[in-house]
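Next up, some structures in structure tokens.
In what comes next, chain A is part of two complexes: it sits with chain B in the first one and with chain C in the second one.
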Partner chain A sequence: MATLKAREARAGFLFVAPAYVLYLIFLAIPLVASFGLSVFEVDRIRMDFEYVGLENFDWIFTDPRFWTTFRNTFYFISMSVIGNVGLGLVLAFALNRVLPTPILYVLRLSYFLPVLVSLAFVSFIWKFLFSTDLGAINYYLRQVGIGNVGWLTDSSVAMFSVIIIDVWKNVGFFIIIFLAALQGIPRSLMEAASIDGASSWVVATRIKIPYIAPVILFCATYATIGGLQVFDSIRILTNGGPGDATRSVVMYMVSEAFSAGQLGTASAAALTLLVVISIVVAIQMIIARWFLGER
Partner chain B sequence: MSTLQLRGIRKSFSNLEVIHGVDLDVDEGEFMVLVGPSGCGKSTMLRMIAGLETISNGELLINGTVVNDDPPVKRGIAMVFQNYALYPNMTVRQNMAFGLQQAKVPRQEIRRMVDEAARTLKIEQLLNRRPGQLSGGQSQRVAIGRAIVRNPGIFLFDEPLSNLDAELRVHMRVELSRLHSRLGKTMIYVTHDQVEAMTMADRIAVIHGGRVEQVGSPLDLYNKPANLFVAGFIGSPRMNMMAGPITSTSDGARLNVFSQAIPVPRSVNVAGLSEATVGIRPEHLEVVDTEDGDVTAVVTLSEQLGDETLIYCSPQDTEATWVIKRLGQYFIKAGARVGIRIPWNRAHVFDSQSGRAIWRAEKLASSERD
Partner chain C sequence: MRSVTLPPDTPVARRLLSAMQVVHWRNTAVLIVLLVGAVLMLLPFFWMFATSMRPAGEAYQLPPSFLPDDIRLDSYHELFASPVPFLRMYWNSFVVAAVTTIGVIITSAMAAFAFSRTRFPGKNLLFASMLLGLMVPPALLLIPLFFGMASVGIVDSIWALILPAMTNPLAVFMMRQFMRSQPREYEESAFVDGASYWTIFWRISLPQMGPPIAALSIIVFTSSWNNFLLPLVFVRSFEAMTLPVGILSLESSFGGAALSIIMAAVTVAVLPLFVVFLIAQRFIIESIASTGVKK
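Up next, the complex of A and B:
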């Protein structure tokens, strides 16, 4: 008869098995396959695999479009993290106060509602709003004497438009997380600060923000990883254009894999992105540890 | 040092009044303990004094000035919280300095004041640690240090020892009393633990249901409880009670309790009472032979504490439990039938209806002068 420990282990394995099978099919196997594909040149028609070593990496590292998409992606990340986390924090502070309950619920719901709507749908709506000639935004800009802005057609503005949509769509999620964190601060800390005579600004900057710093850092990491993977909104809004002004790394990967049919270079780009995400997250963790110190 | 007066203080949450017109005077340098069961309103009163809770009605005076609308920082108070409320991201030194920084005290002066407070509390070696690295006792000292360093007129303590283990609690109790003697500041201390109240207070205010039941020195409350609540709350184990109708006979009054009529000595004034409750402290009840007792009782449990013995018994086979305290080690088995003599010269008599104290033995009433 199996020991208690063995029986418990077997039960444990059985419980995690369904999730693990899904993980294997959709994450682990593609990940390993990417590693493999990155060192082959694949002819998809003849299913011919030719070992090319690191040539695929050479190809993408010398491709200026790859670096353009990387630059675009990091611009998107920096702005979307500032927008989502920064604005989310400011709005969470604004909502974390004594307001009449109905007003509080309406405000929270209105900020969170975009999170619930599908990104594809949101992107189509915004595409209409941003339309140069027929868009609602340019209509009102014309009414107040400002001319048309090429929200999605001007290469210097298009990425900014994509970021506006991203922040509009996701800031509610970060507000909810920050609100929960702010409401988790012990009341006695606020009371001690009020007895110490701390102003609202001092309470916010020296007590509340340091207290919820782990949550802020988590959100920054989460937003960064999300930003590195940005694809669908750009695909619908601009399809990477005008030119390559809004093309992200993931779009580059998709176009390499499915337009150019270069599975090897796409896999090399995917692995490069994985390494970059890991480095960025590691840096954030190091900063977090240094910033938070001993609690 | 500061004085504090509460004049008809009331507090309501929505339509629910929880503090019902409290009057209380705290003298300069006095250690006043607000004691009462959970939910009696003692912490709410302390928070109103601190300015953390608004006052619905009445006046709060510090040094003779009404401060109802003053923010906490303007009241010259410092507070020590039950859970310490230390800022977790700051070191001990930063925690202690925080209030002084807000008051724009020069940096050198802050350093000197923090060092001095740390010396007083013997926490110099902790100054560079963060709260997460401190034990409960150390955190409590730091919280007290943060209060001391602000040099307040009044210290407020909200159940500061309840998160500590029993041994540390006794130790901190002694330290707080010493600190009070050394600083000579007015201190208001909230606790539900009557032992803390008895051992630390100059005076105790017993709070019950949002009202002050009695204010007095610890022994005053112990010896001369004004009503049934104070009599039951102050003293551990609590006072034994027997309640029943009073009947008058040609031989004098009798207390009808436990299915028998116990003669009440003529010296005990129960005139005009229809229902009386007689209370006797555990240390005053005497265990005697069954035939010599005023009532008989069955022993249900005896607790040997080494220096004293607590005997739990049910008088006259009822469900009531009396506790008898005997000094030294006294062995008696559960199930034993004993007699209990009621020492009327140690008794307290209360009106059962109003709960007010009607009579107490002269010996008790005069004991405070002894």
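Up next, the complex of A and C:
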């Protein structure tokens, strides 16, 4: 029997090998290397590594631009979570009713279509829609007398424009998830409430939202983790400008590494991002335990 | 003889009846809002298509059009005749997405087979370590990956885009979850009949994996087609460039003057995604809905 067992083990290793070797080479080892790089000062020409301890972290934590990018990223996250999750919930509630099939098909198609198309492609479209003098949006704003808005050129508006695109693109994803959660609420719960004469507002706030709270929490975490990595749309729309008004943490990292050639500080920035993501996940798990643990 | 089918004239029944009418009226109002929202969601795509049909000189003319004034393919001709090899990029995008998808499907199905059908020492440790990879944002690995791949000379080739994307812990996880839910009697009886592990995998396990393979194909293909960060950092030359970065260089080489050409490029680039979505709408939406509910 030992041979059979050995044969099974060998087969197991062989079958897992392709995926695991790829995983080691393209994920695990680079991750460890990232940790390593963050404590070195790297000379890219001579490939010379000098151990500098935590100096790289010291450098980014005292770099005001790093904090600017963090502030920008968190502004983006808070608004995009509110926009995506809030609007997604409202639209899911609106869609959660008996509708004729063809209308449902059209609605689902139009709200979901942007989800499938990459942020990079749609950013090209929005870049021109947002154009100050020649853009479609400002044309209609002028028509109704509001006048031009510097969607991508005004440093106080630019990040908001990035958020509009993000919500437009992703809200469909959250609608689908919330809709599925709403439809999973037991019918008996709804019937009991309507027999007791509960208004639809009470049903929504006292039954439906608490019932799908875990899903809402999941979506908020998901949107936060995605938001921490925001890059594509900003790179195409404003390239971080005007000034540094829309520069995100990932942009800071990429430009440190591939423009400034500062591999050490870029890795330190990347690790800081990983730590922040882990904290977000941990907080989400703690909230889930505390508030939802009973169920 | 009293008829039992007479509707009971009680306060509850009357209230139910009036509630139904209110709901009906509200349905119409909500429906109108939803339809207006749906049109707004689609407008950027209509504008993209209509603008791509305008001659270059009139691209910026206001008011913007959302339906093509007439069918003019000038900008498409110019796009394919431009010094930026658009067709080459299109082909690259396709090859990268197709090879990545096939690679992910095969390696993750094999790994799932090993994790769910065989026993070998360290199995749980290997699986847990791969799950850890789910948490790592791709941007974090850019620097070590870039220099690692540069040292073996595959940077600036399509392999720099394929190999890192073939590492997909999520796919392994999804495949394993599905395979675990399948009965293992077929595999066991084939084993008793003396079939090799490879035969069992190839003839019995893999053919059962239709649903996760379909879902993963769509996810992996579209995310590869849409990927922007990896090609932006890993590829410099037109020979290996894919569409999102290709359109960015198209934009910088033509400048804003070629709006209709850029919109033609985006139109052609998003076309496969639209086709995939129209074919598999129900399937895509159901798989997303289930991820949210199951968490």
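Everything that follows uses one rule, which is that the second predicted complex is superposed on the first by the 273 of 295 C-alpha atoms of A that agree within 3 Å, B and C clash if a C-alpha of one lies under 4 Å from a C-alpha of the other, contacts with A are read in each partner's own complex, and residues count from 1 in each chain.
In the analysis below, a contact is a pair of C-beta atoms (placed from the backbone, for glycine too) under 8 Å apart; a residue touches a chain by one contact, two chains touch by 3 or more.
Computed from a predicted model, the values in this text were never measured in an experiment.
Student: Going by the contact rule set out at the top, does A:287 touch chain B (first), chain C (second), both, or neither?
Tutor: It touches nothing on chain B or chain C.
Student: Is the number of chain A residues in contact higher for chain B or for chain C?
Tutor: Looking at chain A, the partner in contact with more of its residues is C.
Student: Report for A:19: first if it touches chain B alone, second if chain C alone, otherwise both or neither.
Tutor: second
Student: Looking at the overlay, what does A:146 touch: chain B (first), chain C (second), both, or neither?
Tutor: A:146 contacts neither chain B nor chain C.
Student: Between chain B (first) and chain C (second), which, if any, makes contact with A:275: first, second, both or neither?
Tutor: neither
Student: For A:211, decide between first (touching chain B), second (touching chain C), both and neither.
Tutor: first
Student: In the superposed arrangement, does A:260 touch chain B (first), chain C (second), both or neither?
Tutor: A:260 contacts neither chain B nor chain C.
Student: Check the residue A:197 against both partner chains and state whether it touches chain B (first), chain C (second), both, or neither.
Tutor: After superposition on chain A, A:197 lies in contact with both partners, chain B and chain C.
Student: Please report the chain A residues shared by its interface with chain B and its interface with chain C.
Tutor: Shared contact residues on chain A: 194-195, 197.
Student: Okay, in this complex, where on chain C does chain A touch?
Tutor: Interface residues on chain C, with respect to chain A: 12, 15, 19, 27, 30-31, 33-35, 37-39, 41-42, 44-45, 47-48, 51, 60, 62-64, 106-108, 110-111, 113-115, 118-121, 123, 126, 129-130, 133, 135-148, 163-164, 166-167, 169, 172, 197, 201, 222, 225-229, 232-233, 243-245, 247-248, 251, 259, 262-263, 266, 269-270, 273-274, 276-277, 281, 284-285, 288-293, 295.
Student: Applying the document's contact rule, which stretches of chain B touch chain A when the two form their complex?
Tutor: Residues of chain B touching chain A: 50-52, 71-73, 77-79, 81-83, 85-90, 98-99, 102-103, 130, 132-133, 146, 150.
Student: Going by the contact rule set out above, which residues of chain A touch chain C in the complex?
Tutor: So the residues of chain A in touch with chain C come to 5, 8-16, 18-20, 22-23, 25-31, 33-34, 37, 91, 94-95, 97, 99, 103, 105-114, 116-122, 124-126, 128-129, 134, 136, 139, 168, 172-173, 176-181, 184, 194-195, 197, 214-215, 218-219, 225, 228-229, 231-232, 235-236, 250, 253-254, 257-258, 263, 266-267, 270-271, 273-274, 277-278, 281.
Student: Name, in rising order, each residue of chain A that touches chain B in their complex.
Tutor: Going through chain A, the ones touching chain B are 186, 188-189, 191-199, 202, 206-207, 210-211, 213, 292-295.
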